[in-house]
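Shared chain: chain A. Partners: chain B in the first complex, chain C in the second.
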Partner chain A sequence: MDAVKALWDVAAPRLWQALITGWLLATLCFAFTHALPGDVALRVAAARIGDDRVTAEAADRIRQEEGLGLPVLDQYGAWMMRLVKGDLGRSLVSGKPVLAEIIDHGRYTLMLGTIGWLLSYLLALPIGFWAGWWPGGAVDRLSMGLAVVLASLPTFLVGIGLISAFALTLHWLPPAGFRTGAHMILPALTLALGLAAYSVRIVRNAVVEVRQAFYLTYARIRGHSATGAFRHHGIRNAAIPIVTFAALQFAYLVDGFVIVETLFNYPGLGDLLVRSLLARDVPVVVGAALLIGWTYAFINLAADLTCLKLDPRRSVRDAA
Partner chain B sequence: MTIDSFHRRALLAGAGAFSAASLVPARRVFAQAAERLRVVQPWALRSLKLSTSGSGLSRPGITEGLVAVEPDGQIAPALAESWSASADGLTWRFKLRAAAIFHDGSPVTAATVKASFDRLLPSALYLKSAGIVSVSAEPGEVVFKLGTPFGSFLDYLVDYSTHVLAPASFDSAGEVSQIVATGPYRIVEADLPRGLVLARFDKYWGPKPAFASASVDAVVNGETRANIAAAGDADIVINVPTPSLSRLQSAGTARIERVIIPRVHILMVNCAKPQFSDVRTRRALNLAVDRAGIAASIMRNAALAATQYLPPPLAKWHFADLTPHKRDLAAANRLLDEAGWATGPDGIRVKDGVKFAGNLKTFANRPELPVIATALQSQLKAVGFDLSVSVGEWQAITDAKRDGSLDLALNSRNVAIVPDPISSLALDFTTDNATSLDTGATSWSHDGLRQDVAAYLATNDETLRAPLRRRIVGVLHDELPVMPIVWYDQLVTVANRIGEVPIDPFEQRYLLERIRTKA
Partner chain C sequence: MTAAANSAIAAKRPARTAAILACGLLVVAALAALSLDPLSQDLMNTLEPPSLAHPLGTDHLGRDVLARVVHAAPRSLGIALVCVTGAAGLGIALGLVAAYAGRLVDICIMRLCDLLLALPGILLALLLAGFLGGGIIPMLIGIKLALWPQFTRMSRSVALGVLNEPHVEAARLAGFPARTILLRHVLPPVLRQTMILASLGTGAAVMSISALGFLGLGLKPPTPEWGAMTSELIPYLADAPVQMAAPCIAIFLTVLTVSVLGEFVLSRRTRLPA
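Entry: the complex of A and B
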């Protein structure tokens, strides 16, 4: 029971925060998209039938049909009423339900994000661990240098570099698209390199810190080998900052998606967001912001719960 | 061996194996079938509605109309093998092809064609302007009755928003739920808005496509399209940006085809402003523009200098006898002096306290436009005009035009949204409350032009229409409500394995059924 209560104590305030953050984020997006200069109906009409073919008549028809001529507060009220009922509305451009649009694009982003994120830890864990085990060694210094370079390069530049090397020069991989597994590799690697640049240092520092901790020295005094002591007493301690950081990196991922998906013509959420913003497809922009906000809060919650589980001190306290 | 050294080796091996795995030339693993023709286009397919996304279905040859436009601008038979118009121009009869069938195997009959028009006409984009009163089915023929004679009826009938669909395409509410059409390719997979996978329609009435399957993918970003072409990852890439030309040429994976299309980059001026209300100032500004320089250095094709409004592919509307627009600074300065614009101490002209200056709005969706804008800035300075440039969204031009704040704009106009440019000319130059929002004249009207456009639309007698065309173009050439700067050419890359590719300047069809691999 205590464990459930401890879980609830952590989760409840986070859930409230998530709800309020999501609502605030969506409201801000709603306000900002409406505050942008220009006629929403005209932009929607252009996105529906093309810049060349848009007419004032088409824009007026859309304004009428979609209620875009109503005062902004009325539109906001109507949106809130629908939201309370769990309805995110329909896209002004495609006419499809917003949730269906988000799921359709979200599955691509989820796949790319998961592969990119896993790839980043496949890189960061061994290299960071090695660098932390022998701090000041060649791997530590080399990984530090590479991490600084990669972290200071904007994502699009890393992407362009990879495209130039693997698609345009070596002709190993396609430069853009989504139809096959090969299409995933370059965008996932672009995301992974950006993520790993930071996480490799976090892993390295966590390992260094734990290796210097008194409890490991004590374990060695008790006769454990260096690796045995680390395996038994170090890994869980080192994992706490890494897990927290891994969750924080989700924010970077959202940022990265917008650029990576545009660069690689990958049809995920970032691509949907950019297109919807350009077309002033307010329901999709607001719906996507709401769901991204909630996902972010959910991942933070999951990270907190994982840390709770990992933290030996909390376990001991709960058991007492 | 110590434990430490073992770990070091294991980690090394792991890191090495991972790096190698990530660099595997996966392209061969995931290679696509060679018999598929892969097309990359800039346009995303938003829905299967013909009124909004019909061009995305007609271009790859999924849907067809009764007639089609050929690359040379001639109207050619499609589902109708022949047609005739009554002497009064009010009745048009179209004889259907007996061999035509829909993708679901059902026959194309006069009744199904009439039913398709009945469903699609209310939401038609252009054909609505033709004033169709009724569509009726007679044995083997579809008959259109018009309220008044409409000379360009065949050109308007090309309208993809009314292409013929089988009854199975519509749901019980009369909305399009799937595309069952008649073209040489049928849809196998519609992954909107990303693209389409198509299969050859083996019972097509016309020549059979060589490729059993085709994919049409939407790639909005021009540079990304150029990358795809350079990497050899598509057979045909439509509309690659001009700045990528040299990169594509050195990649050697594809050849580049260029064709001038009916698109004009135009300089718009607000004729209500004192700087532009006098035709002499418009002519002077027009004489200050160095079109040849812009075409050669920015568009990388000297043939694109817009010596008149409509480009050569619109053969009936392009006239050799017009004095070509070209730079003449002496004549420009003379006109401005005559009009009373005196040069101030800063080199900028002034008249009645009004500076000869203005803000030009343009947008970056077409990357060459901001560059052309800055070229114009320096060229117009030579006649004492102070031009400032704002780069934003294209809709900002419409907004400024609507609220009257527009000075100048650099815009791009597709002048053949209907193969006969009369459609765009009528929209852009003969309406007060412009229905075409941002490409036409601003606060300018011309009674003679309006009468000529109305007369042209009212007759299909070519002996009357030819002189009307010359008069309409002549007025625009002299009055300059908008100034053509450069025409536009479509850059299409074609992979080395592909043979000759016909390119339709009207952007109505990719003509995939005519494409073969090299022998």
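Entry: the complex of A and C
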């Protein structure tokens, strides 16, 4: 029971931190919608019935319906209440509830993101491990050079390169759209390459560092083999920076999927976000931004907790 | 330094030499091509392959691709530099304040940083560009907002370290005002450390600008912009590979050159910890 309590003592501040970030994010989104230039009601009307047919009466009606004439603090309270109930409003364009739209598109993004992320570690873990085991070797130099090149390429260029190579020249895979599993390969690979360009370096450095650590030398002195010593003492220690970084990469994943989905015509959250931005569909944009921000905060929290589990020393250090 | 020593260094640092050469080549080509018109359309000659009149061919509206690629360069780099200097100025100032001022100020500033870092960088730029309707200003604000927290974090942690050193302690005891201590003792090491962020940030900003352009939320057409050029040409990818490759290579070379040159300037002007 003490162990659980100790864990809770360390985890609670992080939980609070994530909650406060979530609340601030919601406030920021509210401020954003209201700080926009021009009349909110007029904008809503314009999005709903078209720019040229907006009248003062239509704007007034919307102001009544949406409670836009109320004092800002009342509107803020109402907004927070609705968020707590999970109501993100309705899309100005399609009229459907925002949450339903986001879940509808989010599934696809979740699938693409998960596959891309897994694929990136399928590439980065063995290559980074190899490079870190023999630093300065051919694999090390080649992979680091490639990583620098990939990191200097915007995501859409990687995607275009893959399309022209595998779809237009070799005709192995479909170039864009979403119907079959084969349609997933190129977008997922685009995401994965962008992610792996960074994570391969983290994996390599983690392995190099652990290999030089004194506890591994000591294990060798005690008679363990190099691989055995690493398996027993190295892996957990090498995993800590890798797990932390894997969470940070979610930020990159967002940059990635917005671009990748637009490029490949993939019906995910990024595609929804860009289309709503171009259509000025504020509720959908705010909803998507909130959800992405909250997911990010949650993933950071999960990574922190995983690190606590991997490295029990931390919970003692942090609690002190 | 003799030529032999120079070439010895060049042999040791192939990436750096290549970047500097590429940079020089780009400047020469750019100066030569600036006289071309990036906007004039020729609808009779669309998607022409490379020729003497159009060294990189023409795009779907018959515009000269070389001229467009070259004219986009100062815009992208200029916007990126403005973003980075702005973000560095704001970020470093806030980082120093956070390190020097009391606990409450520190917490407020760092919370704000956490919040902005909790939003993936491009999301901020996207939201601003989308809500304010594209163009330069929202893009500038968005990219700057995404960049400054990193400067704040780094300069705060460097400043906290420096503030504990004996010479700063001595300056404080000697009665120097906070402003003098910060400017004379804390700012120089902070600047040295954040230079690398500035160089990386410039590359990141160039990529963000092209990404926004690619999504149709960046500079307004028909302004030549690499990302927008790329997305315009995607439908013609199979017919116009050279036209497509040109802006792509321009982005790639710019980002690579910026980061390699940044590292080069850095290693010459400061002694980096090994």
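Throughout what follows, the second predicted complex is superposed on the first by the 232 of 320 C-alpha atoms of A that agree within 3 Å, B and C clash if a C-alpha of one lies under 4 Å from a C-alpha of the other, contacts with A are read in each partner's own complex, and residues count from 1 in each chain.
Here is the rule we go by: a contact is a pair of C-beta atoms (placed from the backbone, for glycine too) under 8 Å apart; a residue touches a chain by one contact, two chains touch by 3 or more.
In this text, all values refer to a predicted model and were calculated from it rather than measured experimentally.
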First, second, both or neither for A:157, with chain B first and chain C second: second
Touched partner set for A:180, first chain B, second chain C, both or neither: first
Of chain C and chain B, partner touching more chain A residues: B
Partner chain in contact with A:127 - chain B first, chain C second, else both or neither: first
Chain B versus chain C as contact partner of A:238, first or second or both or neither: neither
Touched partner set for A:168, first chain B, second chain C, both or neither: both
Chain B versus chain C as contact partner of A:262, first or second or both or neither: both
Interface residues of chain A shared between complexes with chain B and chain C: 37, 163, 168, 262-263, 278
Complex interface listing, chain A residues touching chain B: 37-39, 42-43, 46-57, 59, 93-95, 119, 122-123, 126-127, 129-130, 133, 163, 166-168, 170-183, 185, 189, 225-227, 262-265, 267, 275, 278
Partner chain A, residues of chain B touching it in the complex: 3-4, 7-8, 11, 14-15, 18, 22-23, 25-27, 29-30, 32, 43-44, 46-47, 51-52, 55, 125, 192-194, 215, 217, 219-221, 224, 227-228, 230-233, 251, 365, 393-396, 398-399, 413-414, 417, 427, 433-437
Chain C residues touching chain A - in the complex, by the definition given at the top: 15, 111, 114-115, 117-123, 126-127, 129-132, 203, 207, 210-211, 214-217, 227, 230-231, 234, 237-238, 241, 244, 248, 251-252, 255-256, 259
Partner chain C, residues of chain A touching it in the complex: 17, 20-21, 24-25, 28, 32, 36-37, 148-149, 152-157, 160-161, 163-164, 168, 250-252, 254-255, 258-259, 262-263, 273-274, 276-278, 280, 282, 285, 289, 292-293, 296-297, 300
